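Okay, here's the structure, questions in a sec.
Labels run A, B, C, D, E and F following the written order; every chain starts at residue 1.
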């Protein structure tokens, strides 16, 4: 597992440069709640037909930050983006909430601050 | 002499109607229509032997004069409206007619010959046509015309009846030609009655297409005079030589044109832009009924190759027109295509020529007229009272007007289901064709076409009917009041349909039990059960997989690719050519 | 009078709804229909249509999104009907008890007649449960059974009871209580 | 004048095992638009793993994320924890873990095949496969004591040992299953009505598979060489004779054939394991509390399953991220339905072998 | 008298056939299956259920479907006109279709649409069947057909075509797309429940009676041959049901129309020449 | 298609695979993970099982009528809910005295009906346990 830290505003360019759709398999977008109301967002890729080669790009950001969308580069990221909106209560460009949660259920359950 | 009365009286009525105000016109019209109906009924009852009436010689000169006048008018219209087809065909007709006048036939007969078929046609024309005129009284009021033009519309319809009455009484092919052209003229005027662009275009289309029929009749006249020395139907048919059937075939083609069979179907569909009473009168009582009538007249002369080919073409058109109708959405267009289909069936039945088939054809003519008139009335009501034209929009009409739904349901049911007349006719058609297969296995194809076509028609009708039923329980029912001028004619037609069940008994085709038991069982028992069972019923939502979303519903849409449509037209034209060339060989 | 009650027992048609289980029990319900266990010997047909069902097999603790569907399906079933909760999580919430998007067991929403334990409930247990349900079905009346959290009561008009608006909103009802 | 209709499939529908809602916009019955809702089964397992359960109990909870790939879930989680705790599992335990994993794959694939047949209206084939599947279920019950939720894997190894006697029994059963599976291959390739229903329906091209990041049998049916069993060293797949199965058609039929071939491959692997189960401890005791991050991937029957676990040296974990196979496939699903006939929709859906309780967690 | 008895027992006989068929199907799938009387248990249970309606037209049309079908069966037993019987059967199907369309339910609508389309496929074959019987016996009357000797050999092609119609009518694989439980949850019948579903359920039994009574017409006056023919068909239909998947509507129409119509046509032309 | 035709035909004359379950009971394997059973005498009230149980199906609750065991100093009573239990066997593995105090039998659990109050009774126990 290789982890590369990127600044939030560069993430789309970084992924655009890196991502070759016939070489890398996009796994998912992952969020991890950090202390001090910070959030780590990871974009996880694995290499086709390679032994244990996982690449993780991550950013550290606030919950208020608008996370840029990678749907134009990776069409299938749309559902991961919707999930992260539901789970952390963040905003992602061009994605809507309501994948899992209803109006009256607990909002943003995984975010560190809401509990 | 009632026949002469039927021909002349409508002209007189038309003149009277022209100059009156609304209420007087309405009362007069109703009285006149009743008179015509009574006269035609008397004629039907008192009729015993074929009546022959000879006309004075100067009549002939008048007809020639009128003919030229008419053709000139067509030519002029073609020039003014810049439609080269119209002028071209008018010109051809003028030349051909001149040729006809030069040739002199030697065998003579009486000009007017009224037989059983004619008297039945009188009934259809005068009673159904009359009811349509009554219906038109209200319909035309809601149009944006001047009072004179409204009156003229009614007057034209009366004139139309007169021409139709004449056409089914005449024995002279020359006179027949004139009247044929006159109906063309009336259809031209009536289709273009709204004077907008599409109406005019479609009117011109109807004009030139119908003139093809005129050309065919003239050619038939020439051949008939040179070969058989006569211009009279009865002599032509009596003297016909099975080896030389060309005049018959040409007249058959004229019938196909008037009957809007597939290569010539455009004009009848174009006629939909006219006010609905015009569609009704064209489809049910007048105009197109010339086609099966002509066929019936020619039936004794047809044999062998011609009979089989015409039957095959007719049944093929029956099948394909019903198929084409499946892909349509415009209510009147669906009705129009189904008319084309049923007309083709009538013609092919006439061509089969056995007594059974002819009987079936007559039953079909009568009941088709009633059902179609009823349905066109409803189309008009939908248009005027509900502002609906497309079948897809009539969803849940039962919420708003159960009466209209009932009429439409009866109309469609009478075209497909026992024990109504059209069903009986189809039944007889299949029976008569089954008898014929043994003689010529090609009739098997005709039979398959009929079977497929009637299934398609059933499919078509119920595709429409089902739309009416999709009832939304929660919707606030908004009842729409419908004028008595609309409902009463419809109701009369329904009464005719119900009375027509009598014919099912009369023909001895089915036993009484077969007709009555289903009616009673189907109508009464379920209601009994329902009243018993509804008492402790609960009302629930429709099953929607547990979801609450609004459901969008739509009926099955048949997509008819262009190439299939072309293939159908090419096949039909090919059939016509085979007919002509086959006869020539 | 000739009693028809005993025939209910011989022809139970089932409706299956997954209200958020791990689909272990659903597979076992499917396995019950398979040749080895063959529920059809009791006359069971898996209709999949609430309007023709007698036994409502529910699996899973009720998740928030499936609550309204559960109640709607329940009200669309004609009486007499029996609800069978299949699996531990359906009975009491099981391992999902107290999770934030889960209601602990379906008996918070609808009256349950038979509880089948097990994780996942094995086919034998499901058959036991269905057999138990049949006995209950025989004794049931045709009285209308109302789900506990029905938002709108059924109304009667012209002698016909309407159940159309049964499961409108559940959240509002909670607030009232 | 073409008017569309909305046909719902779910959330409750006879052909669905799990609640998922598809709303197809159809012209006649041709699908021109798909709207899906996959969140019916959301229970909040990810949060519960970090708040309600201690790290040693989480293995049993994540197994309940999905009944069909329960073993892969608990294995992935356990391996992630083992990595954090630095536990080296004995070879025997690894072999037994593979055995269970493959048995699970066999029964899951058989279920999927039978369910696809059921959705295609082939009841007899459904019954046939379900009947034969019971053999595998019996083996599983013999090995783990339960038919569906095995709870077989614990931190440091496995919970139960295997006796020689049971091994022999299992080998016999597997032989029978192999014969049956060969019969299915014949049926799936030669049945006329199934070929009408399956061939060329619901096709996904190779490029689309790449684009949508498809995984599992869905991707392999399109010719995409993706199988985590090929990409990890942790389990001894290479020496057990794993072969990747691919197909090029990408349609339902290809997926079925892939599954059938995988069953055969898994059967072979199971036989290899049972032929030489190494000696050793089945469970190694672990010490300490997990800390740090680890990311583990395994091949569930439906494709790649990823666990991301972050510990903070207490009994409670910081984050458990579950990326389930079906979750990745959902964009591809919606795409495949377009242009197909609604009559095929249940069969297409079944052929994905969707696991919604995985997806929504 | 026997005829009257038969008419009243027709649904029950159909029910027995249906029950027997369920057992046979279960056995073919290697399972035990329900008891023989299962359909009657279902029926008695359905009477007892709470009655649900969606709207009145819907339920009444369902009842009309059942009664029309019963009349059809009665007319067959009484030996009436075959062509008429076929058209009346069409009417009963149309009631069912109208019932399906009279509710705002999507599955019901799709089911009705499919039922309408299936009509295209099988109705011409039935009409040709009637015509072929007419050509052999010189009469459409079923009683006349029954008095004449077996006509299966001259009508062998139409018999094959009729074998294709049976699965459509009885909703059996591969031609059961109109009911398609896994896709549209039973199609037309989806909104019926309780007593009202009862009528549809019993109509299914009458459908069995209808199909098999048309089938035995091929055997003419030979009773033993009729029984053999019915049993043979029963077996073949069920075997094919258990060996095929449900094919789609467009395939169904293509197959039945092309093959069925060709077979029928060939047979009619053949009859005309012989 | 023809193989399955033939298979259907042969199945018709074979004995079906079905086990007539309620009539002929199915013998459970001795390793079947069934009900958790409790030996009151041997229990040492360490409450490890309660802590280990993932769904919390074992509760030791203070009652007025505690079991007569010298180890039971706090007056606790063992409560077990088979309708909450997930039969994972974690409690048995956690127990210091397995096979005596707590063991997993191969008995399958019983089906409950509405009157058994499997849920509401347990709610009260949980409330008691918290307080």
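The working rule: contacts are C-beta pairs under 8 Å (C-beta built on N, C-alpha and C of every residue); 3 or more make two chains touch, one makes a residue touch a chain.
As the structure is a prediction and not an experimental result, all values here were calculated from the model.
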Partner chains that subunit A and subunit F have in common: C, D
Per Cα centroids, the chain farthest from subunit C: B
Most central chain by CA mean? E
Write out the two chains that share the greatest number of C-beta pairs in contact. B-E
Please name the chain that ends up farthest from subunit E once chain centres are defined by their CA atoms averaged. A
Report the inter-centroid distance (CA atoms only) between subunit C and subunit F in whole Å. 23
Taking each chain's mean CA coordinate, subunit B and subunit D are separated, in whole Å, by 66
For the pair subunit E and subunit F, the C-alpha centroid-to-centroid distance in angstrom is 52
For subunit C, jot down the residues that touch at least 2 other chains. 17, 34-36, 38, 41, 47-51, 64-65, 69, 73, 76, 78, 94-96, 100-101, 119, 122, 144, 160
If a residue has to touch 2 or more other chains to count, which residues of subunit F qualify? 1, 4, 7-8, 16-18, 20, 54, 86-88
Residue numbers in subunit A touching 2 or more other chains? 100-101, 106, 109
Pairs of chains, among all present, that meet the touch criterion: A-C, A-D, B-C, B-D, B-E, C-D, C-E, C-F, D-E, D-F, E-F
Okay, in this complex, where on subunit A does subunit C touch? 100-106, 109
In the complex, go through subunit D and note every residue touching subunit C. 11-19, 39-45, 47-48, 52, 60-61, 64-68, 70, 111, 115, 127, 130-131, 133-134, 137, 146-149, 355-357
Using the touch definition from the top, list the residues of subunit D that touch subunit B in their complex. 1-6, 8-13, 21, 23, 27-28
For the complex, which residues does subunit B have touching subunit D? 329, 390, 392, 544-547, 549, 551-554, 556-557, 559
Sites on subunit C touched by subunit D in the complex: 15, 17-28, 30-31, 33-36, 46-50, 60-61, 63-66, 69, 73, 89, 94-96, 98-102, 119-120, 122-123
